[in-house]
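Two complexes come next, and they have one chain in common, chain A, joined by chain B in the first and chain C in the second.
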Partner chain A sequence: MIGYYFRLGFHQLRRAPVLTLLIVLTLAVGVAASMSTLTVLYVMSGDPIPQKSERLLTPQINNYPVDGGPQDGNLPTLLSWTDVRNLREDGRGQRRSGLYGISGILYPERDGLKNFFVDGVAVDADFFAMMDAPFREGRGWSAAEDSAEARVAVLGTQLARKLFGEGPAVGQEVRVDEQRYRVVGVLDRFSPVPKFYRLDGSSRAGAGEDELFIPLSTAIAIEKDVDGTVSCFQQTGPGFQGRLASECVWLRYWVELGSASERSDYEAYLQAYVAEQKTQGRLPRADARAIARDVREWLVEVGVVDDDVRLQFWLAFGFLFVCLVNTVGLLLAKFTARAADVGVRRALGATRGQIFLQYLSEAAALGLAGSVVGIAGVFGLLRLLASQSPDLEAYAQMDAVMLVTTVLVSVLAAILAGLLPTWRATRVLPAVQLKTQ
Partner chain B sequence: MEIRPILSALSRNRTGALLIATQVALTLAIISNAASVIRDRLALSERPSGVTDEASLLTARPILNARTDLAALIRADLAGLAALPGVRAVTVTNQLPMGRSGWSLTFSAGREESAVSTNASYTFDGGGLLETLGLRLIEGRRFEAAEVRELDPEQSAEPPREALVTAALARHLFRDEGPWVGRVFYSGNGPQAGELRIVGVVERLTTPWGLAGEEDAYTVIVPQRFLNSYNYYVMRVEPGAEAAVRTAIDEVLTRNEPDRVNTGIYSVQELRERRYRNEKSVAWLLVSVTVFLLLVTASGIVGMASLWVNLRRKQIGVRRALGATRADILRYFLTENLLITSGGVLAGVLAARLLNQLLVRELSVPALPWDFLAVGVACLFVLGLAAALGPALRASRLSPALATRSV
Partner chain C sequence: MLQMDEVQKIYRTDLVQTYALRSLSLRVAEGEFVAVTGPSGSGKTTFLNIAGLLETFDGGRYQLDGEDVSRLSDTARSRLRNIKIGFIFQSFNLIPDLDVYDNVDVPLRYRGMDGGERRRRILAALERVGLASRLRHLPSQLSGGQQQRVAIARALAGSPRILFADEPTGNLDSLMAREVMGMLEEINAQGTTIVMVTHDAELARRVHRNIHIMDGQVSDLRQPLAA
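The block that comes next holds the complex of A and B.
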């Protein structure tokens, strides 16, 4: 029966076409505005590595000087080289990797290609397995190559294609700045969104793939300059060595545990580490401490979802709500105009329940029509958002979940808006209507 | 005009009136808050940087990581760029207002723990910075070319001893209105903080990041050329010569060192556009939400008013037959609309304040000024009347003969 009502509903859409169009458009703009902002929020607060986000931890250590640096109790979002080196050497956890941003000029050997600028990261051998990074060709480097400070590199898909076309990249050499690296592997589209492993709270940039990966030990050995935030709160010695020896913070560190239950052990280890460092005269603050955050906690700490995104989301939902109220009015007009129909149907034996179902089905049909127009609107708005602010580009992506949600929201909104007008339709007195015919 | 009959008619048809009033209230709440956010973001993106004529100040940032004699290369670049026709002044620096990346250091008024301390952007004057950027000096003097030292970060980390500061920073550090020349402040805080003496004060120079508050104008300028490969060359260009100079810059830089990568030539105005793109897009999004909201509300009012006119054709006919003029009918519907809008606006003012309190608390949105609310209220009254005018006019044109026809 519902199927029949639904077909009837669609049939009714063609009656009073102006009103129908108004209702569908009102629903569609409301749905488009709210769902496009919801999509951005949803992608931003998504889990970039759900299979192990609880087992991937990143430590934060308070190494601020006693009278310098922030006094607000917050921990630095980056680590000093001393701490990263110590944590790597202690070797806790199943896998571990230090990390910092690098960049440089790439000198291609292919004809017709000019020098260009590449972004990348220096990481440890475990990084690729830890982040479940898929390889298109070759593999990551080995722990032995790590300790030998080997001049090896893993490339992103796009960079490999740009340099070597469709041919094999593994075994080739790339020159970045004054250093030559042997390519050992090529990643296959590795771009977690948000790019949690690099975020440090300084920007929302979660976009783009890293193109070049080199061993952290090699980067330190060749004094590869940092491309990213470096925070110092004391005068440091000159050059790269001065920075290595200092308490400046500029690296990240990730550790993968065998299971999430090992977390408390790891945190206990970090506390012990802080105590041990204090005996060596480091971490001078009385409240010096260390904590570990898992991926989701980290995304909250660095504030991926910022206030502007939330503001857009809430205002867009307010907008949807106004559209909903408007739809109630329009449906009221549409259904009131058909009081005579209801009178005839009631007189012919339809119960109030049946009238209710029929008109609600019509509202749902309107919602479905609204969702079709709305989805087109969502795609348009997302594209506009991405072009207006490149920061949002990685997040303005629609997926199946959001597509289904959009349809559901639209239909649900229409049914909700249809409740009052439908109830009013069932109150029609058949006698009065028949008399006025 | 009597309001009593209108009220009694409304009380018999509450649903529609309530719907419209609710819609008006929500619309007012959202658009007045949206408008205040729009103004806030646009004001942020239009703050002066201290640089005069941003469009004719070109910047280039060629990057070279190979170890060469950077001091000599920078000197050659500066000479080459200065010799270009159409270029009035050239300088080299580490950062620019709204350039989005740069140096920041902690500075304090004293070494004791209680001293005022703040972060400020740390800008290098590689010779002629003030002249090139067009910064206004309000006290003291600028750096002489002889004072500018070439600092190789691999060799030395010796801090400078003299600095220029912005008036905003001096005011914040010393908590007074000057004069500030000759006074001492510190880079860092705590006992090891380095001493800096103020030789001059510039009116304004903003940070590369475009920070939200007054901190955006906290800048310290020291006389040095930092010998790394991430410097900006900044050129003051004569009006009209801009396009020609752009291509010439690339030629000079490539000629002096073909191996480097030029990351693009941007005027400071273009840097501003890039820095504030997000703010602009938020503003733009809210403008479109506001426009759509007004359209939707207007369509709701038109729809509801038309419905009422249709439902009351007979009554209108009776009134006209009993001597009511067209103007009376028109006035009736417009007054009815005014009453509903007034109710909605009243609730809307309350809702706008509540929504604003929520937004201020949760999302660091600016407090809603009363004049914005007043404009919003006026907007909705006009919108309501304009939307109701069509249906009301149609009602006034209904013929009195309708009353005599049986329905």
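The block that comes next holds the complex of A and C.
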């Protein structure tokens, strides 16, 4: 019977086309506004690496000086080189990698290609396996190459294509600034959203692929400058070496545990590490401590979903509510005009429940039509959002889940808006309607 | 088939109450073809609405096909309407955006019949009224007489025990009216009880029995009027 009601519902879309169009557009506008912000929120708060997000931890260590830095108990979101180096050397966890952002001018050897700027990241050999980064070609570098400070690089897909076309990139050389790197691997579309491994709370930083990966040890050896946040709360020595020796924070560190249950052991290790560093005269604050956060906790810590986004989300759903109220009015007009139809159907034996289902199905059909227009609207709004900033571009992506959710929200909204008009339709007195025919 | 005892219907507003039916009592036997006559405002249509379970009543007792329907719920009355009653209205009351086939299909859908059975009944009913070739025509593409024949097919498709007709020829020319009346007589001859409200004396003369309603009461139970 529901199939029959839906057939009637779709049939009715063609009747009173102006009113139908108004209802569909009203629903679509509300759905587009709300679902575009929900999509952004959904992507922002999504788990970028669900298969191991509980096993990937990033430590935070309070190395602020006694009289400098925040006094609110919050820990720095980045680490000093001293801590990253120590944690790497301690070798805790199944895999581990320090990292920091780099950039430079790339000098392509391909004819017709001008020099251009590349963004990248300096990481340890474990990084690729740790992040489940897929390789299109070649592999990551080895721990031995890490130790040897080898001039090797892994390229992102787009950069490899740009430099070498569809030909092999592995074995080729790329020159970035004054260094030449031998390409050992090319990633296959590695762009987790949000790009959690680099987030440091200073921006939403989520756009696109990293183009260039080089060994962290190499980057340190060649004194590759950091492209990212560097926070210092006391005087440092000169140059790159001065920064290495300082308590400035500018690196991230990730460790992969064998299982989530090993987390408490790792946290205990961090506390022991803090205590040990204190004995060596570092971490001067009395409340100096270290904590470890998994990926989801980290996204919350760095405020990926900020208050602005939440506010926009609620505003958009408020707008959807306004659209729904309008839809109620339009549906009332549409259904009231069909009182005679209800009268005839009731006379022929339709129960109030059957009329209710029929008209609610029609509302759902309108919702379905609204979702089609609404989805087009969502894509349009997401494109608009993406054009506002590269950060937003990474989040303004619609996947199958959000596509289905958009359809459901639209249909549900239409059903909700249809409840009152439908109930009114069931109250039609058949005798009165048949007489007024 | 139909028995009303002391049935009352009162329409109330804040200031007035109007007696549409005052202690109306009547019986219609199975297989009868009865004409209900009376002046405008006498309560004929109210009687028909109550008899057809389209309206409730305020007092008295009503038995339809042996079942007391006085205190039935709205849903139960709908079911009874669907199964036992067929309606034919003066203004046909076809659903304008459904074609002939789908219009006849409406009451069968509410009965929950399977597709094959519905199709068989629809085609048989339309065959019976001579419209089997117009299945996909919309009501607006048919003449008044054809529309009324569709309405008759719709009423017949559900094999009702009783047919209520409210001025079934009121909107038709005399030729069409005779044709429709002939059709009703044929239906009655095959065993369906028919109660017809009419102003048309000629039609009233053609039925088994007349019931005259005046001021909400049966004023006279007579044999068909002499020609």
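Throughout what follows, the second predicted complex is superposed on the first by the 437 of 437 C-alpha atoms of A that agree within 3 Å, B and C clash if a C-alpha of one lies under 4 Å from a C-alpha of the other, contacts with A are read in each partner's own complex, and residues count from 1 in each chain.
Throughout what follows, a residue touches a chain if its C-beta (ideal position, glycine included) is under 8 Å from a C-beta of that chain, and two chains touch if they have at least 3 such contacts.
The structure displayed is predicted, hence computed values, not measured ones.
By the touch criterion defined above, A:260 lies against neither chain B nor chain C after alignment on the C-alpha atoms of chain A. Of the two partner chains, chain C is the only one that A:15 touches; chain B does not reach it.
Once the two complexes are overlaid on the shared chain, A:239 sits against chain B while remaining clear of chain C. By the touch criterion stated above, A:225 is placed in contact with chain B alone, chain C being left untouched. By the touch criterion stated above, A:348 is placed in contact with chain C alone, chain B being left untouched. Of the two partner chains placed around the shared chain by superposition, chain B is the only one that A:315 touches, whereas chain C remains out of contact. By the touch rule above, chain A contacts chain C in their complex via residues 1, 4, 11-12, 15, 340-341, 343-354, 429-431, 434-435, 437.
Note for the complex: chain A touches chain B at residues 19, 22, 26, 29-30, 33, 65-69, 104-105, 107, 115-117, 177-178, 225, 233-240, 242, 307-308, 310-312, 314-316, 318-319, 321-323, 325-326, 328-330, 332-333, 336-337, 385, 388-392, 420, 424, 436. The part of chain C that touches chain A in the complex is made up of residues 45, 49, 52, 54-55, 74-75, 78-79, 81-83, 85, 87, 89, 91, 93-95, 97-98, 106-107, 109-112, 154, 158, 166. Contacts from chain B toward chain A in the complex involve residues 15-16, 19-20, 22-23, 26-27, 29-30, 33-34, 37, 63-67, 106, 113, 153-157, 159, 188-192, 194, 228, 259-261, 263, 277-278, 280-282, 284-286, 289, 292-293, 296-297, 299-300, 303-304, 306-307, 310-311, 355, 359, 362-365, 407.
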